[in-house]
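In what follows, chain A forms one complex with chain B and a second complex with chain C.
Our next item is the complex of A and B:
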């Protein structure tokens, strides 16, 4: 869903760039609070992880395959601020280095793929974790729903940006139906993979799942009779 | 580590474009693309002139045309989208080869194809004449927050390491007879992704401790600070200035 140059007109691209810059600035401050002076190496390695995991292909059927977008996963594993930063950095590098996504569309790409995905996923995840029963099942189901909703939410955000500054003459309704329809399908795959991945992490290192860190119980000493 | 420092898009060379400070090139490319995007789509000739401008830069940088064209293939998904546009767009229709196509859709497809291709070509030229470390240094000189540049540099530095780790996990799965065929096998792949996250995070912790033990206190030392002279800035400004001229002609002619 990397938007190329010329898809969104210049004024709206610049405005989206300003929104993205502001959100990244807020995230930089927030990430320092989440990770203190470990921010640079840890966020950098998590970005490298997202970059790598986007290359992990999940076969669907008949030769087609999908891959993880990683916004919801990043939000749940490392927290919203670091998540926004990591996905933004991945998009920046993909734009500057691999010409994937236009340079002027960088603001648009960061706004809908980094900010909207991460914020929606994290808000939903936190709300659900509070409601659902404690434990691994509750966390993975919350991750499932958060990822499921976050992808179409990004598509809705994109349609909004398109409504403001789209350069093509396709009716808004058609864009909306196509984008949201396709992304609901993508969202299902994203949800299954995200939930399974969060489940795998929580089974081994529950302390590394940022979104569920307050579910951790303190270590307790138990008497054992030999 | 030697292999990891030059990325795949980079072409080593000693042309005047290679020698320009990275911040000048970044600013020039960004302004160029911005100008291209704001050009009216009906000025078809203007996009031809932009292409000529880029070709001139490629010639000065001694980047072969074949190399540049192969890199443009990344754009293919959007081409598919652009091809669809004339069929779904609104407005008056026209007959082309017996197909009923939307006039606005055709213009829209042209708009995306022309601007998108020029944008990709400009980015590819930038990436093929600028080393990674230089690019990051350039971003920092352009006042991108230092922390963001640090995160990006860690991502690039360890990107190959993490990707290699993932490749080793794939080899390990394959050597145990695993073959992913459909959604039934997603569980295994997701466990790999989870393990990869834990390994990446723990590597991050180790990297941080190694840095702290070498005196890291939140910012990286800048060893080679590249400053740009006025002459270099004006040399880099030739491309966006020429593009701006073309753009203005496009609006007023």
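Our next item is the complex of A and C:
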């Protein structure tokens, strides 16, 4: 879903850049609470893993493919603030080194692929974890649904940005329907990859999964020291 | 002093870290060759509806890694795989650097 240069006009690109910069600044502060000397290297790895999986476009419909966005995965594994930063790092590397995603569109791309995916996915994930049965299955299912919804949410965000500053004159209803339609399909892939990865990490080290901290709370209480 | 020493002793992160890095390198270095070459959702919608009429050339289009291919490496499998491995390395380095600087230091700071 990397927006190239020229889709969105300059004023809206600049505004999206300001939104992205503010969100990154907030995330840098918030990530401090999520990261320590154990989780910081893991968060770097999550970035690299998302970069790798983003290369794996899977077919979704005739002549169309999709790839992981990774916001849901990052937020659940290492926390929402760190998650925004993980995806932003990936987008920066892709834009600068791989010519993927326009440099003037970096703010747009961070806004819809890092911020919107993380906020939507993490809010939904937290809500679902509360109502689903406590345990690995509950967390994995919540991750599945959160990831699934985060992709069309990013498509809606793109449509909104296009409405404000699109350089072409395409009916918004058409853009909305086409974008959301195909991204629901891509969201299924996002959900499968996210649930599989979260499930695999929880199976071996639930203590290192930010979104599964509730699973280990009873264990933690026992070893708590004053 | 040093009231915050709650690091749980549940083993290091190294095994998980190494497994994750190997997975990322294999996916970007080898599996990526088999990825779908079709346009992604946005590219397809943009082309179908004409959203992309004013697309501009990418400022980094002459980057030696542009479009996930390594410049001057003829073999497509090697060229893409190498680009993927370099990308994993670059992302790991930048991400780890940022997160290491940002992290909470082990000293008494009430949250």
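Here is the rule we use: the second predicted complex is superposed on the first by the 195 of 226 C-alpha atoms of A that agree within 3 Å, B and C clash if a C-alpha of one lies under 4 Å from a C-alpha of the other, contacts with A are read in each partner's own complex, and residues count from 1 in each chain.
Note that in this section a residue touches a chain if its C-beta (ideal position, glycine included) is under 8 Å from a C-beta of that chain, and two chains touch if they have at least 3 such contacts.
These figures come from a predicted structure and were not determined experimentally.
Looking at the shared chain after the overlay, A:172 reaches neither chain B nor chain C. By the touch criterion stated above, A:127 is placed in contact with neither chain B nor chain C. Legend: residue contacts after superposition of the two complexes on their common chain; A:183 is shown touching chain C, with no touch to chain B. Looking at the shared chain after the overlay, A:44 reaches both chain B and chain C.
By the touch criterion defined above, A:193 reaches chain B but does not reach chain C. Looking at the shared chain after the overlay, A:25 reaches chain B, while chain C stays out of its contact range. Legend: residue contacts after superposition of the two complexes on their common chain; A:99 is shown touching both chain B and chain C.
Of the two partner chains, chain B is the only one that A:10 touches; chain C does not reach it. Contacts of A:158 after superposition: chain C is touched, whereas chain B is not reached. Comparing which residues of chain A touch chain B with which touch chain C, the overlap comprises 4-7, 28, 31-32, 37-49, 51-53, 55-60, 85-86, 89-90, 92-93, 95-100, 102-103, 167-168, 170, 174, 201, 204-205, 208. Of all residues in chain B, only 7, 9, 26, 29-30, 33-34, 36-38, 41, 71, 74-75, 78, 85, 88-91, 102, 104-105, 107-109, 111-112, 114-116, 118-120, 122-124, 126-127, 132, 135, 139, 145, 147-148, 150-159, 161-163, 165-166, 180-183, 185-187, 189-198, 200-201, 203-205, 207-208, 211, 216-218, 220 touch chain A in the complex they form. For chain A in complex with chain B, the touching residues are 4-7, 9-10, 13-14, 24-25, 28, 31-32, 37-49, 51-53, 55-61, 68, 73, 77, 85-86, 89-90, 92-93, 95-100, 102-104, 167-171, 174, 192-193, 196-201, 203-205, 208. Touching chain A in their complex are the following residues of chain C: 6-8, 10-13, 16-17, 20-21, 23-25, 27-28, 31-32, 35-42, 44-46, 48-61, 63, 65-68, 83-84, 86-100, 102-104, 106, 111.
Against chain C, the residues of chain A that register as touching in their complex are 1-7, 28, 31-33, 35-53, 55-60, 63-67, 82, 85-86, 89-90, 92-100, 102-103, 155, 158, 162, 166-168, 170, 174-175, 178-179, 182-183, 185-186, 201, 204-205, 207-208, 220, 223-225.
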